[in-house]
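One structure, pasted below without further comment.
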Amino acid sequence: MTIVLAGKSPQKARVEEILRSEGFECVTAASPRDAKELSRDFPVILLGNSAVDLFLSDDVFAFRKISGLGAGEPAVFLLDYGSDTPDYVLPLVLRRAVSTALSKRPVFILARSVRSGIPGVEKLYFDARNAGAAIIKYEELSIQRSDDICEISVSDGIYRYTLGTPLLVDCAIEEDKEAIEYAKALRIHTYGSNRINEDRWFLSPGRTSRRGVYFLDTGLIVSDRLKDTIFSIADELRRSPDAQQETRAHVDASKCAFCYTCFRVCPHAALEPDGSAAAMKVIQPLCTGCGICAAVCPAKAIGLHGIGHIGIEPGSAGKTLAFCCENSAAIAADTAFRDIDADIVRIPCGGSLDGESIAAALKTYSRVIVAVCADEACRHFDGSVRSMKQVEKIKQAVGKLGVDPGRIGFVRVSHAAPAVLRDAAGR
Amino acid sequence: MIVAELKPIEEIISTIESYERVLIASCGTCVTVCMAGGEKEARELASLLRLSPSMENTEIRVVNLQRQCDREFFEAADEDAAWADAVLSMGCGAGVQFMAERYSKPVIPALNTRFIGVNRDVGYWTEVCQGCGDCVLEKTGGICPVARCSKSIFNGPCGGSSGGKCEINPDTDCAWQLIYDRLKTLGRLDRLYETIPPRDWSLSRDGGPRRIRRSDVSTEVK
Amino acid sequence: MYYNKHYKRLGVFVRCFMKNVLIVGGGLAGCTAAKQLSKFGIPSILLESSSIIGGKVRDYGCKADSRCSQCGVCLAGNLWEAVENDPNISIYYNARIFDLYKNGDGFTACFLSGPETHELNVTDVIVASGFTDYAERSLGAAEIAPSRRILTGRNLETLLKGRTSDSIFEHEPASVAFIMCFGSRDIKEKAQYCSRVCCGYATRSAKVLRHYYPNAEITLFYMDLQTVNSSPRYMDELRKNGIRFERCRPARIGSEESLPVVTYENSEGLQKKTFDYVILCGAVHPCPDAAFLSDITGLRVDENGFLQYVLPPEMTHVYLAGCASGPKSIYETSADAAGVAARIANFNFGDGVRQ
Amino acid sequence: MAGISRLQSVFESGGFAVTAEIGPPMSANASHVEKTADILKGIVHAANVTDNQTSIVRMSSIAASCIAQSRGVEAVMQMTCRDRNRIAIQSDLLGAYALGIRNLLCLSGDHQSLGNQPQSKNVYDIDSIQLIKAVADMKNEGVFMSGKKSKNMPKFFIGATANPFADPFELQMIRLRKKIDAGARFIQTQAVYDIGRFEAWMKEVRRLGLHEKAYIQAGILVNKSVKSIEMTRKVSGMQIPDDIVERMRNSDDAEREGVLISLELIDKIRKIEGVRGIHIMAVGWESIVPSIVKEAGLSAD
């Protein structure tokens, strides 16, 4: 089985070695464009190498001076200052602190909390203490600067210390810009301008928004975890996606206006232009069946296999219809609607709901609930935000028609708090 | 592409509520792509109109036309149009008028046709052309002063340009700043030294309704 | 496309048909592994000691305030139902394994399910026996007064799961304390390790409480804080939301006039403070059967009491999933169990054994 | 009235020109213009009469200019391209000249969306540079914009505006050159607060020799209060250094401080080579103009 490695990393040889031991053949993508082409046929692992840049609090104290200064002056590594230091930075800082301490320089590590749950960190703390570094857990901290010295006053809640140092090391992360280029070419979800993966419960380490494309930032990942992550990627690649899901989108090429809307909104990069048909087509193995494309398609050219048009049976006045996202509300519905006379329409994602369905439901039901996942819990990234916007739009429109917008409810729920859904429906 | 947007729904209702049978006709080209008058919008509008208490006695049908600016496509709507008392066209202004020519019943616009524009992002369009009939883009680095300068001036910027933004609102780029930046990257700032003379607006709408006849294609003898 | 091609070439199907897996424990790890195996076409036998599968996670509540806090409970989703209805999975409730011996290439497992004894042949075994919640074990100990207002983490989870759109507790609390590292980082309890999960649990729960009760005073007593979320501002946000952090181990949690009283020491000396509710964020301790399971499976019990591999599981055909091998978050447990299932389904990769 | 304007003769005789501003009223009442003209008479060489400034409907600049001239203050009639097409512009120019108006300041005009009738349609048939060219062609070639020759064409003394503080600098300079090349004989600048930037701009003007082709008049805005300077600061294209705003804030007598600031600026501006006059904008506070002119040691005589 072939796997494509894209991006640069000093750990690349190691990644390749692990992959080979798992029975993969590695091919290297030369450019983002190359990676894009290869990603059609093979899974891709994008390597990033974000660096942790240990910089001094000011230019005056350039870090390179560290070796040139008198041995007696202490170096202070400051963590959690301004904001919490991310856990992947911690081992890197500790390693740097150990090596500094071993060069017979007093070292202080100031942290708001000592975190040891990260694999390998306990040992580093131990090494640091052995090398003579003092670790201070602070509650309050203030810094006074003069030309060549920083006066740091720290309190751990019981005692107060004052440290004078010319070497105050703060920590920041320098993202791998090249990896971002690759990410754009591979059309995986990025956040802000330069973060490839956000903390989402449904993304296991290394996974991205696109199936078959993985992202390993070897600069940030703790080395023990690298191997485990690659193992789990290898395991995943051996699975059949067919067994995983039933619903997928399909494009009716005769209706497609080739407007690229679906291409732009698909969170999983599952659509591509089919030039010969002058229409979009769904890359079946990448489609997760969320239905966002079907909801936004202005030509109604996209349908979902397994789910036809959301059929709404005529309800009776006084009855409630709940559009329930399969990932959250639909699971909670059994418990939540035990005592409520409500009809339930299961939808694959909040994003698959269009205004027409909401309006049509209002025609026959006296109350319509749209129940979806919390925004950042949405497996399809912005599906639940989209549903909220649809609801807002329809509410505004029906308000102008003289229909009570209060008949439409919107609630963010989880399967693990069903009474919230019940309250929304039973209002 | 022609960019349009749906009229306020209360305005649409006020124009059609007196009819008993209304046909909504979508258009599959520009207005579909700009998400104003395609099948999705037509169906959504239909289901919203059915909710309106003042439209209770109105029956609504939807027909999806591929294009409203070529008459052959109307055939698909003929049957439904014969049934209807009025047609609500979701085409651009051209589509509405062309439908009105074909059917001897009220044809009502559902959209406001806004401008000729481009899609900059999902759900975001900006005006780039006014169809003024005499293109000066060659002189201005490919950025149109007629459509993109609030005052359509040819020797800009005016005194209202500040920090690269137009005086009418800080979200609007000053077209002349864009022209300057563009010519600068092209190394053609010399273009700016040339005073563009007052232009001939007769090629624009000011010359009256415009028409083009291609003599090599049109066999009609004048 | 590419998946199918290679999938077939590997011939996984052929091998999978010959497998049959025994899973000890019907919690999140066991169910995830069973479901995953079923996707590969491998039948499994799930032994659950209680009358309902899902273990502790089944009662966990959502910890989103207005935003998802990425607690991972959603991973359970409709898993239980899916496992119950899966034709590839046979579930034995109220089950207890009492013997397991080698039989040819596989094992014979002897277990009780209710009053009946069963004996089945399996090719592989997954030990997913889970963990013990220290807080539950310790209720009634000398330092902890019995009180309805002193809740274990699990009690709170149940409340969170049952919460309505405007309340969690019966009464609106004016003050809530979370006692973190309860039973971990504690030499006395022979649990010097960090349980790793209670920080996330406590801080997320605190956020939900803050969302429901904006005026309540919320205090977290901690010994050691982990990074919960990759968002670097997470702890800052908590502090900004008025959640107080107090670094100490409370000496006693008593009860006066039916309200819990926490005695602790800080820089200003010994403090005594009454709270409306005290929540004990119990440590993850090894499951009580660990020693027995170690005897019958050949796994090793480590210094903290968790089970560990002696040899790579591909050689022994005994796998570990979830918290049986140490504290894990929901999300790590799920990934671990899915990984184990994949390893069973694909025995012959590369050189065979992962180091 | 003489063939050439007084303003032109002041410039040509090497004098330092002082102009002020008259804002026509939002009514048909002539007395407002008359009162302002009476204040300015004998104090300034000429006064600008604005053309529906900030797109708010006011008495037409032609009429107000006539009224001012009838009270003995020479008008600099402002003409924008916002409201008239080339037919109306040329016709108005013929009329204005016939009524004795000799100075003309050509502008683009504020966009109508800034005013109180944002629903209106704008014209911009031609822009300010094309307008300058058209007026110059009338004067020099005796032709209309259509190219048709005619006798007795208006021979205005043509002015234009410039903003030394707008970015990009290079582009602004190109436009100034285009205006002067088109036929502008005098240039009134945006209000000057930042002397450093103004000096830099003048340096470039001198390098290009533009000060020899047209007379440069620096704009001076007189602020009466802290509020007024803060409002001025928000106007697009205006730059006011912080220390000046601070001075106004910290002063007990803001009115006096405003005058002092203006006097200091005038003093500095007069020393800059190539500056040939000042244009005082005392929006709604015209009564202060005489004392500023006197205290600055300037005179219209």
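Per-chain numbering from 1; labels A, B, C and D assigned in written order.
We take it that a residue touches a chain if its C-beta (ideal position, glycine included) is under 8 Å from a C-beta of that chain, and two chains touch if they have at least 3 such contacts.
Here the structure is a predicted model, which is why all the values come from computation and not from measurement.
Relative to chain A, the chain whose mean Cα position lies farthest away is D.
Mean C-alpha position of chain B lies 40 Å from that of chain D. With each centre defined as the average position of its C-alpha atoms, the distance from chain C to chain D rounds to 79 Å.
If you average the Cα atoms of chain A and of chain C, the two centres end up 23 Å apart. Rounded to whole angstrom, the centroid-to-centroid distance between chain B and chain C, based on C-alpha atoms, equals 59 Å.
In chain C, there is no position where the chain touches two or more neighbouring chains simultaneously. Taken as a graph of touching chains, this assembly forms an open line, each chain in contact only with its neighbours along the path.
Chain pairs that touch, as defined above: A-B, A-C, B-D. Against chain B, in their complex, chain D makes its touches with residues 81-82, 86, 107-111, 113-114, 122, 124-130, 133-134, 145, 161, 163, 166-168, 170-171, 174-175, 177-178, 181-182, 190, 236-237. Across the interface of their complex, chain A is touched by residues 1-4, 6-7, 9-10, 12, 39-40, 60-62, 64, 66-68, 70-78, 81, 160-166, 194, 196, 199, 222, 224-227, 229-236, 247, 266-267, 331, 335, 338-339, 342-343, 345-346, 349-351, 354 of chain C. By the touch criterion given at the top, residues 150-169, 176-177, 180, 189, 192-193, 195-198, 201 of chain B touch chain D in their complex. Listing the residues of chain B that touch chain A in their complex gives 8-10, 13, 28-29, 32-33, 35, 38-41, 43-44, 46-48, 50-54, 119, 121-122. Touching chain C in their complex are the following residues of chain A: 1, 20-23, 41-43, 80, 83-87, 90, 112-118, 137, 139, 157-158, 198-202, 204-205, 212, 231-232, 234-244, 283-285, 327-328, 330-331, 373-377, 411-420, 422-424.
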